[in-house]
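Take a look at the structures below.
Note that subunit A is present in both complexes that follow, paired respectively with subunit B and with subunit C.
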Partner chain A sequence: MSIETTGAVGPVEGVSRYDVDNPAPVIEPPRARTKKTPKSTRTNFELYGWLFMRLSGIVLVVLVLFHLLIQLVLDGGVSKIGFAFVAGRWASPFWQTWDLLMLWLAMLHGANGLRTVINDYAERPNTRFWLKNLLYTATVFTVLLGTLVIFTFDPNIR
Partner chain B sequence: MATPTLDKVDDAKPASVASPYITVTFRIRRFNPEISAEAEWQDFQIEIDPKERVLDGLHKIKWETDGTLTFRRSCAHGICGSDAMRINGKNRLACKTLIKDINPEKPITIEAIKGLTVLKDLVVDMDPFFQAYRDVMPFLITKGNEPTRERLQTAEERERFDDTTKCILCAACTSSCPVFWNDGQYFGPAAIVNAHRFIFDSRDEAGEQRLEILNDKDGVWRCRTTFNCTDACPRGIEITKAIQEVKRALITRRF
Partner chain C sequence: MPAGTLYRGREGMWSWVAHRVTGVLIFFFLFVHVLDTALVRVSPEAYDDVVATYKTPLVALLEYGLVAAILFHALNGLRVIAVDFWSKGTRYQKQMLWTVMGIWIVLMAGALYPVLGHAVREVFGS
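Let's look at the complex of A and B:
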């Protein structure tokens, strides 16, 4: 038997490490039921996630397009944006609400989208876990910071 | 041999009679765990009528050139769903693909369907696929006493799920789905199609349970509507549409 002598390197010059009694390992079949297999969830989380993507998408189209129009096109374009311009807009509860809504919807929409991308592309459970952790941390941080700024913005700050 | 005309290939034909046979290269992904852990491509040159099917070419190789070539086929006429394979990068049934339709000028690549464990050459382990199929309970479930006569249904009620009754469980759709390729936890198009067949059957009373099963995190919500399954289906089932109908049923049930 050549198995002992050839070691772990693989077939050498016509001699195979594998034969009828010692076949090569095949890749593990997916969806095999093991102890690690997560139990079926029985929640509507994915349903609500899916629906949220559609609904927030529709709202975001309006919010973001008008946001871009006001910020970048109308009334002098991008050159008008400064501290005074932002302070002036956030003096109105309407624009505060607009920006808050846009912040929350865009962040959650993007985070949920990335979550599905991670689910689809990360192959190992560990990679998946850490990527999602990073994603959720970044999302929570950005949403909280943005919300804080919108609500506690002080136009007279020195 | 099923096609006796194949036998009289070369000699007797003079040049004056145009021979229907052409030389085709079959480039087949070979894997034999008893020889090597690596799969590799092997080329076979065969003389064959381009109006024959890919399966006939595989038969010719297996019967005349290399008997170790391993593949599944049972009925050889597109009904049993045994010989789904990836031909020129697309999932098809070898028994329904004519050689003339897939450009015999170039080598025809043939490999096992993706996302399932390859056992040998073109044979894959179908267990995960059938596990997902069993999970959606693909059988009629009713309550109460059995009627003394058959369970009647109008033509319209039958028409509702007609498309999804055509499935032959060849796994061409599930093994063409990029979401299934990743970790194989997704139920896959075939299981959803077969759930659809009963969910929308007026005689069945377990639609609710099946919807609940497909509401799982690896259920219908993982579908990205890439339409790979619809493209791959040898029976022309509108699979993506069926999946979307299940999604819609789930949403309208909730709200």
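Let's look at the complex of A and C:
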């Protein structure tokens, strides 16, 4: 778009105050990025978070429902669970991978869900900050602990 | 005060509330569950001790509640995905919720005996 330099005010309103020798001052577009503009911190984080909830959700439906079926329904339900049962299952890399994937996806899915809940209901900035700090700390701790347990499991511990 | 101004919500709102509540409950259980499983790194006895509490009748009832929460969250989550990605998802969201509830009731009935059977036998003897 070319800017009309001969007159900022049309002939209807009267004679222009500006001409070629006396140009109007340049007004910056209000949203133009300049050197003084703070660096943009906008990312697509929330979009990826939204997508992650759906993708991990589909995988978790399979992982968790089979987990419940094995642990609580088949072969005597909860009655058969014990150290020997865990040792038997974690002897197989398949179930180790299953449980590891389930741990990571469920913890991240749950943590992101709780982050949304905190954002919705905790209104004071301080409360939000501390609740989310607590959430992230507990999440990192639990994920690392669970991962360590799966990788260092020793069936002959005693 | 004008009568009938309280918004009582419809299928969409209440399924959203239930999805939140079940999600938070499941997440809190998950923390406890990772911690109790971590006891396999302490000793077989420590793990078997804590698992023994999972086998008591009262906790069996809580497990049935956990299954209820997880099944609803899983089925309704699939409905949410359908609402988001299926072009007719919003039009059929109510029908999908009643489908979810139907499947939920069937699965909960199926889980009744496996999850609670041993608790019933313990309480009432057999």
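As a working rule, the second predicted complex is superposed on the first by the 117 of 158 C-alpha atoms of A that agree within 3 Å, B and C clash if a C-alpha of one lies under 4 Å from a C-alpha of the other, contacts with A are read in each partner's own complex, and residues count from 1 in each chain.
The rule is short, and it goes like this: contacts are C-beta pairs under 8 Å (C-beta built on N, C-alpha and C of every residue); 3 or more make two chains touch, one makes a residue touch a chain.
Computed from a predicted model, the values in this text were never measured in an experiment.
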Subunit B versus subunit C as contact partner of A:47, first or second or both or neither: first
Partner chain in contact with A:25 - subunit B first, subunit C second, else both or neither: first
Subunit B versus subunit C as contact partner of A:94, first or second or both or neither: neither
First, second, both or neither for A:113, with subunit B first and subunit C second: second
Subunit A to subunit C touching residues, read off their complex: 54, 57-58, 60-61, 64-65, 68, 72-74, 76-79, 81-84, 86, 103, 106-107, 110-111, 113-114, 117, 138, 142, 145-146, 148-149, 152-154, 157-158
Subunit A-touching residues of subunit B, taken from the complex the two chains share: 33-38, 115-119, 125, 127-128, 131-132, 178-180, 182-185, 212-213, 215-217, 219, 221-222, 224, 247, 250-251, 254
Partner subunit B, residues of subunit A touching it in the complex: 10-11, 16-20, 23-33, 40-42, 44-47, 49-51, 116, 119-121, 123
Subunit C residues within the subunit A interface of the complex: 20, 23-24, 26-27, 30-31, 34-35, 37-38, 40-41, 43-44, 47-48, 51, 54-55, 60, 63, 67, 70-71, 74, 77-78, 80-81, 84-85, 111, 114-115, 117-118
